[in-house]
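All chains are identified by letter, namely A, B, C and D, in their written order; residue positions are counted from 1 within each chain.
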Amino acid sequence: MKKLINHPDDVVRESLEGFANAHSSLVRVNLDPAYIVRSDAPIAGKVGIVSGGGSGHEPLHGGFVGAGMLDAACPGAIFTSPTPDQMLEAVKAVNGQAGALFIVKNYTGDIMNFEMAADLAREEGMSIESVVINDDVAVNDSLYTAGRRGVALTVLAEKITGAAAEQQRPLDAVAAICRQVNEQGRSMGMALTSCTVPHVGHPMFNLPEDEMEIGIGIHGEPGRRRVKLQSANVIAEMLMEPVLSDMNAKAGDDVLLFVNGMGGTPLTELYIIYRKANEIASKHGLKIIRSLVGSYVTSLEMAGCSITLLKMNDELATLWDAPVRTVALRWGI
Amino acid sequence: MSQNVITKDEIVAWVLAYAQAISDNRVLLTELDVAIGDGDHGANMDRGFKAVAQKLQSGGTDISQILKTTGMALLSTVGGAGGPLYSTLFLQAAQACAGKSELSLQDWTGMIDNAARGVMARGKAAAGDKTMLDALLPALQALIEASHANLPLADALLKSAEAAEHGKQATIPLIAHKGRASYLGERSAGHIDPGAASTALLFLIAAKTLAQS
Amino acid sequence: MKKLINHPDDVVRESLEGFANAHSSLVRVNLDPAYIVRSDAPIAGKVGIVSGGGSGHEPLHGGFVGAGMLDAACPGAIFTSPTPDQMLEAVKAVNGQAGALFIVKNYTGDIMNFEMAADLAREEGMSIESVVINDDVAVNDSLYTAGRRGVALTVLAEKITGAAAEQQRPLDAVAAICRQVNEQGRSMGMALTSCTVPHVGHPMFNLPEDEMEIGIGIHGEPGRRRVKLQSANVIAEMLMEPVLSDMNAKAGDDVLLFVNGMGGTPLTELYIIYRKANEIASKHGLKIIRSLVGSYVTSLEMAGCSITLLKMNDELATLWDAPVRTVALRWGI
Amino acid sequence: MSQNVITKDEIVAWVLAYAQAISDNRVLLTELDVAIGDGDHGANMDRGFKAVAQKLQSGGTDISQILKTTGMALLSTVGGAGGPLYSTLFLQAAQACAGKSELSLQDWTGMIDNAARGVMARGKAAAGDKTMLDALLPALQALIEASHANLPLADALLKSAEAAEHGKQATIPLIAHKGRASYLGERSAGHIDPGAASTALLFLIAAKTLAQS
C-alpha cells in the first residue's frame, strides 16, 4: 500500500486537521466528535443543511460546507458512516431555529445512524427532516436489496438544496426541493482499478489489465459485473444507457450532465467521457443546460468514473446558479 | 457461574474477552468484509470495543448499566451498519436486565431475545438475508430450547455458540438481501457474512468465558 | 494500460472537445491549431496573458482560462510543448492592442516554441513579453542542466499575473509581477507511482511497493533519487527542507502554502501533507496567509504531491484575492 | 546520383524514406525517451514526419523549397524540443541550398554545416551535452573530411552515417547537460540519447537512399 499517510488510525483526523488549517476562513472544524461547519454558522432563521458519510469520498462532504451549500458535514471513518453523536453536535452547532435537513446517502449504516441522530435531535426539541439520496441505477430498488445506493447525485442535491435553504425557505420546502432532485436524477459508475482502504492495506479486488467493473458504488465494492475493457466511447454508452432508460427524461427536456471521477482518473479522461455522454444525450434530444466535470464524489484513489443526469427546470437551474462558497464548489461569491 | 447464574463481574469479563477476540480477529473480519462489503467491519468493531474496554476498566455498578455503557460506547465509536446494530443489541440487552444483579439461563435467554428483537427492528432484516441475524437468531433458538429443557447454563451457552457458528457457516451460499453485500447480487454468494462472523464470535466468547468461570 | 480513452492519437483532441462542450459559457476552443480562449476575448486595452504547455497536466493550463487569469492556453500533445503556430493564433485571438505576456514553464521545448512564437507575433507588430517559471528546487540551476523546471508555481503565477492584467496594467508592469512571483516561489515534488503516457502504453518507470521518487518533475520522468517509502510527515519534511533552504523567507514573512496533487492522489492525503507542511512552516516563523490544496498541476494519473511556498506581500495577496472565473479556480464572480 | 550529385527527387525520396524509418522506429525512439526523458520523442517525430510526407506527396519545385516545406511542417506539428530543433535543421538546410537544382558533396556538406549551426544556435547546446548534436556534429565532421579528400558522394554519405551512429552510441556514458535528460543528473548516464538516435537515423537513411539511387 502506497499512500501519503502516517498511520491508518490517524488518516481521518490528520486530514481533517489539515483541512481545518487550510480553510479556516471558510469553515470551523470540531475534532471530537468530528464535524465541519461553515464559519458563519448558525444563521438565524435558516434551515440547517447537514450531511455526512464515510470518509474517502473527498471532497464530499466537507468540501461542500459553506455559504449556499452545506451548513455542516460529518465525516466517518474511511467508508464508514459517521455516528449519531457527530450529527447531533453538528446540527446543534448550525441550529438557526428553523429546523434542519439531513441529506443521507442510501446505505444501511448511514440510514440507521442518521435516523438515531434525528431521534436524539428531536428529543432536544429540534425539527428534523431527512432526504435519502438513491440515484445509482446499477442497483435494483427491490425488496431483495438495500435499495439503490446514493452516489454522485448527492453533490447536486447538496448544491441545489443549499441554495434553497440560503433563501430562508422553510424546512418542508427545502426538503421538497431535495426530494425533487433525488427523483429527477440518476447515476451509473464504473471502475478501471480497485482502491485500497488504509486499514485493509491491499486492493479491495483484483482487476486484470484487460478488464473493468461496471455498476460500482463508491466504497471500493466490486460492481454488478466484470467485463472486458472497452474504449471510452463504449464505456460512456454502457453508463448512459441504463441512466437514460431509468429516468423519465424525454426529447426536449433540459438536463444537467455530470461526469464524476472516482479519484484516480485524470481530468483529460473525464472530458473524453463527457464528450461522448454529451453526444448521446444530445442524440436523445436532451438539452444540456448545465455541466459539471471533476472528481467530486470519489472512492479513494480508484480509477473510473460515473455519469449523472439530472432533469432540470427553471427553478433548479436558478438554484444551481445561485452563489456558493465552499472549498470544492464556488461561484458568484 | 458456580450457582448456575451469571454475575456482574462475569458480564464484564465476557465483554472484555470479546473486545480481545475482536482485536485478535480484526484482520479476518476485515477480509470477510473486503469480499462482499467495504472492508471496514474489523476496524469498526475493533475501534468500538477498544472504547468499550476503556469504559469498563473500572468495572460497573450493575449488569444493566454495564451493558448500557457498552451499547452507548459502541454507538459513538463504531459507525457504519455495525455501530447502530451492535449498539442496539447491547442497549436492548441492558433493558431486559434492568434491576437484575445476576442472570439465570432464563434471564440470559430473555436478554438475547430482547437484543435480537432490537436488531431486527433497527435493521429491518429477517433470517436468511445474510446478516448478523443469521448467527443471532439460531443462537437465540438454541437458548430457548435449552431453557425449556432446563439444561445447565454452561451447556446452554455451548449450544448457542454452536448454533451461532453453524448459522454463520450457513450464510456462505446465501445471496445477501440487506446491507452493502446486497448490491453485489449473486456475487455475494460464496462468502461468510462478516456480521454473522462477529456475532458468532460473541456467543463463542460467552460460552468460553461464562461457562468456565 | 487502463485509461478512459479511445485511441492515443485522439486523446488531446477529444478531451478538448469535451472541455469545449462542458464549458462553453466560460471559454471558446479552437481545434486547429489548438487553443482555448476566454469567451469574452479580446478585451480592449488589456494585456493578453497566454500560457500553454504539454497536455497531461490538467487542469493546467486550459482550466485556468477566464476572467482574472489566462486569456488563452495552448495545449500540446501529451507532455509535449505546443507549436509556435498555436501560440501565434492564440495571441491574435486575445489581442486587445496592449501586448501579450507569455507565461512559459522552463523546459527546452517550451522555451524554444514560445520564443519562435514571440518572434512571429512581433513580426506581426505585437508587443510580446515572456516570463519563464522555474520554481523546482529539485534541479540545480547550473550550466550543466537545462535549469530549474517550471512546476506548480505556474498556477500561482497565472492567477496573480492574470489579476494584474485584469486591472489593465501595462505590459511591463504585468510582466514584472509575474517575475516577482517566480522569484519568490519555490517547489519540490515526489511520486509514489509512475504514470503512463497513452502513446507509450506502459509506466514511465517501475517503482517497487516500498520505494518512492523524490525530486520529480511533472512529465513522468524519474526524480533525483529513489528512496524507501516514508510516512507522510517525513515526506513533508523532505519536500519542505529544500524549498525553505532555497528561498529567502525569514521568520515573520507571509507566505502562501500550496500542496499540489500529481493526479492520482486523493485529497485526504494532500491534507495530511498540508497539515505537516503547515506545522513546519509555522515552526520556521512563517505566517501562512493563503492556502491552496488540490490537484492543479498534474502528471496524468501519477500518485504523489508537490509543495510550493510563495513569499507574499500585500500586493500579491490583493491580486491573489481578486475575482477569478475559470473552470478550475473560481471566486468572487 | 549517377552524376555524383543529389537531385531534387532524391531529396524527396530521402525525406519520405526517413518518414517511413521514423514510423518503423517509433517505439524504439519512444522507449529511449522513456528512459531519460518523457516518452514522446517517437510519437512527436512520427506525427511530424507523417505531416511532412503528406505535404511532399506531390513532390516539390526545388530542393530548397522541399526542405523548407519539411521544416515548416515540422514546426507546426512536432512541438517539444524536437520540433523547433528538427524544424531549424531543415529550414537552415533549405537556406543553404537556395537556388540550387542539385547538390554536390560540397553543397551537401555546406547544407549540413548550416543546419548544424542552426540547431546549435537554437538549442544553445554543444558537443558532449548528450543531444542530437552528438550525432549531427560527427556526421558533419565526416562530411567535411570526405569533402576535403574529394571522396565519391556515396562513400561520403556512408562515412557520415557511420560517424553519426558512432556518435549516437557514444552518448551512452554521457551525463546530459541539456534538455529534459539533464534533470536526471547522473541517472541520465547509461542510455542512448533519443535525439541522437533519430539524427543518426537521418544520416543512415541519407546513405541508403541517396547512395543507392
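The criterion applied here is as follows: a residue touches a chain if its C-beta (ideal position, glycine included) is under 8 Å from a C-beta of that chain, and two chains touch if they have at least 3 such contacts.
Just so we're clear, the structure is a prediction, and the values are computed from it rather than from any experiment.
Colleague: When the centre of a chain is set as the mean of its C-alpha atoms, what distance in Å lies between chain C and chain D?
Modeller: 33
Colleague: Please report how many Å separate the Cα centroid of chain A from that of chain D, as a whole number.
Modeller: Using C-alpha averages as centres, the distance is 55 Å.
Colleague: Using CA atom averages as chain centres, what separation in Å is found between chain B and chain D?
Modeller: 76
Colleague: Let me have the rounded angstrom distance from the C-alpha centre of chain A over to the C-alpha centre of chain C, please.
Modeller: The mean C-alpha positions of chain A and chain C differ by 29 Å.
Colleague: Could you say which residues in chain A touch two or more other chains, in rising order?
Modeller: Touching at least two other chains: none.
Colleague: Among the residues of chain B, which are close enough to touch at least two other chains?
Modeller: In chain B, no residue touches two or more other chains.
Colleague: Draw the chains as points, connect those that touch, then say whether the picture is a line, ring, star, complete or other.
Modeller: If you draw each chain as a dot and join those that touch, you get an open line.
Colleague: Name the touching chain pairs, please: which are they?
Modeller: Applying the touch criterion to every chain pair yields A-B, A-C, C-D.
Colleague: Mind pulling up the chain C residues that touch chain D in the complex?
Modeller: Residues in contact with chain D: 8, 33, 54, 76-85, 107-109, 112-113, 115-116, 138-140, 143-146, 149, 197, 199-200, 204-205, 217, 219-222, 224.
Colleague: What residues on chain B touch chain A, complex-wise?
Modeller: Chain B residues touching chain A: 30-31, 34, 36-40, 42-44, 47, 75-85, 122-123, 175, 177-180, 182-185, 187.
Colleague: If we count contacts the way the header does, which residues on chain A are in touch with chain C in the complex?
Modeller: Within the complex, chain A touches chain C at residues 1-7, 11-12, 14-19, 21-23, 55-56, 58-59, 63, 192-193, 209, 212, 229, 231-233, 235, 257, 259, 263-276, 278, 288, 291, 293, 298, 300-301, 303-305, 325, 330-333.
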